[in-house]
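Order as written gives the chain letters A, B, C and D; numbering starts at 1 within each chain.
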Amino acid sequence: MITITPHPFNAAEALEAFQKEARGAGAIVTFTGLVRDTASDGDVTGLHLQAYSPMTERGVEKAIAEARKRWPVTALRIIHRTGDMAPFDPIVFVAAASAHRRAAFEAADFLMDYLKTEAVFWKKELTPTGGRWIEPRAEDYSDSARWSQTDTEKA
Amino acid sequence: MITITPHPFNAAEALEAFQKEARGAGAIVTFTGLVRDTASDGDVTGLHLQAYSPMTERGVEKAIAEARKRWPVTALRIIHRTGDMAPFDPIVFVAAASAHRRAAFEAADFLMDYLKTEAVFWKKELTPTGGRWIEPRAEDYSDSARWSQTDTEKA
Amino acid sequence: MADILYFGRLSDVTGKDSEKLDIPAAITDTAALRRWLDEEKSADGAFLDKSVRLAINNEIVVDPHPVSRSDEIAFMPPVGGG
Amino acid sequence: MADILYFGRLSDVTGKDSEKLDIPAAITDTAALRRWLDEEKSADGAFLDKSVRLAINNEIVVDPHPVSRSDEIAFMPPVGGG
């Protein structure tokens, strides 16, 4: 299930609900991304996030379908904020459930790589001196490329 | 922080508390292991878990120290049940926090591999026809071996 | 009128997230639209940057792609959430 | 008296998790202890299984290791939690 929302959410509540949805699974992996209060170049006062509906939702749906094809997951959940956030607010929550842990770890990792590099969002770090649009780091792109390498190797 | 306890715990509450402890981190990865209600050979009515204090705690402390040495994590948390559990009860909760997600994913994954194959616990699946001691699967040992391979490659 | 959407750094360049624009009849494809808007907005090349993709009616297109005066046209710098 | 702890499948073999035992004076190392207990418990080799490690006073030891009559001695089949 996917939620893209301008409203604050609580990661612990999301895990509580997901655990009910995933009842019977042996393994649940979650990722929570939070607004940091510092960046490499100083203080961060907030984060502003834009999405483009329904393109954003469509892309995330496709990533979820791809994860389901690749791993025997029994439940998947993505919550992603838009709008204005303060330091320590959750930005994103990804949960994956499976019988065994490897599938849950890899599906959550894969979905986060998608969200960081391909999902249709734009992210601006607000600082005392203005702000800065954050585009994926080289590391984000190489993390994401891991999954297509696997495809090639398997082919 | 490590808790090895015969008392039930709630994974969502554990995440809530961890998020406070890890305040300022950009990434939190959690793993929750739960008692399944079925195994490959039929129904499971419960799980019985033994630990050997203080050997169990000592080993887990060492694994946490090793994770801190390998990854720039800002907080780590392990909760592990002992005693008797019912289907859907949490058995284990691992959380890792870091500035960026890769360290958090890998530290949580590493700690789970340790818990599955090296931590001093014994685990019995209870079934309608009695029970069965569960020892690590070949897959658990090969998962765990990934981390020492990395060492060798880096050496 | 076309709906023009400015995402990411382009919303800073234009000072807005979106606007309705009367695209001149002479502008018939995305390449021409980029040049026209870059000049209109004194954007100093921000609209010409190859890393900025265009979407028409919620589908990403490759330059030059025909534009119609009633399209929803989005300027999309490199994406990334999480 | 020694404290003997039986973990995992050995707690099923013996029907208990632990007991105090008066180890015969002739039993001076872990190898002899395994053989003696296997016979005492009619364990059909369960105590001799090489995958079962021994810990003395909370430290894993390698056979044959000296045992004293006041040690805490644990029989540990392959471990694994989570």
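Couple of notes before you dig in:
In this section, contacts are C-beta pairs under 8 Å (C-beta built on N, C-alpha and C of every residue); 3 or more make two chains touch, one makes a residue touch a chain.
Quick caveat, the model's predicted, so the values are computed rather than measured.
The fewest steps needed to get from chain A to chain C, moving only between touching chains, is 1. Leaving out chain A only, the groups of chains that stay linked by touch are B, D | C. With centres taken as mean Cα positions, chain D sits 49 Å from chain A. Chain B and chain D have centres, each the mean of its CA atoms, that are 27 Å apart. Separating the centre of chain C from that of chain D, both taken as means of CA atoms, is a distance of 76 Å.
Centroid to centroid, with C-alpha atoms defining each point, chain A and chain B lie 23 Å apart. Contact with two or more other chains is made by residues 33, 101, 112, 116 of chain B.
Taken residue by residue, chain D touches two or more other chains at 82, whereas all remaining positions touch fewer.
Chain pairs recorded as touching, per the definition above, are A-B, A-C, B-D.
Across the complex, chain B meets chain A through its residues 10-13, 15-16, 19, 23-38, 88, 99-102, 104-105, 108-109, 112, 116, 139, 143. Touching chain A in their complex are the following residues of chain C: 5, 7-9, 11-12, 17, 55, 58-59, 74, 76-82. For chain A in complex with chain C, the touching residues are 33, 49-52, 54-55, 80, 91-92, 112, 115-124, 131, 133-136, 140.
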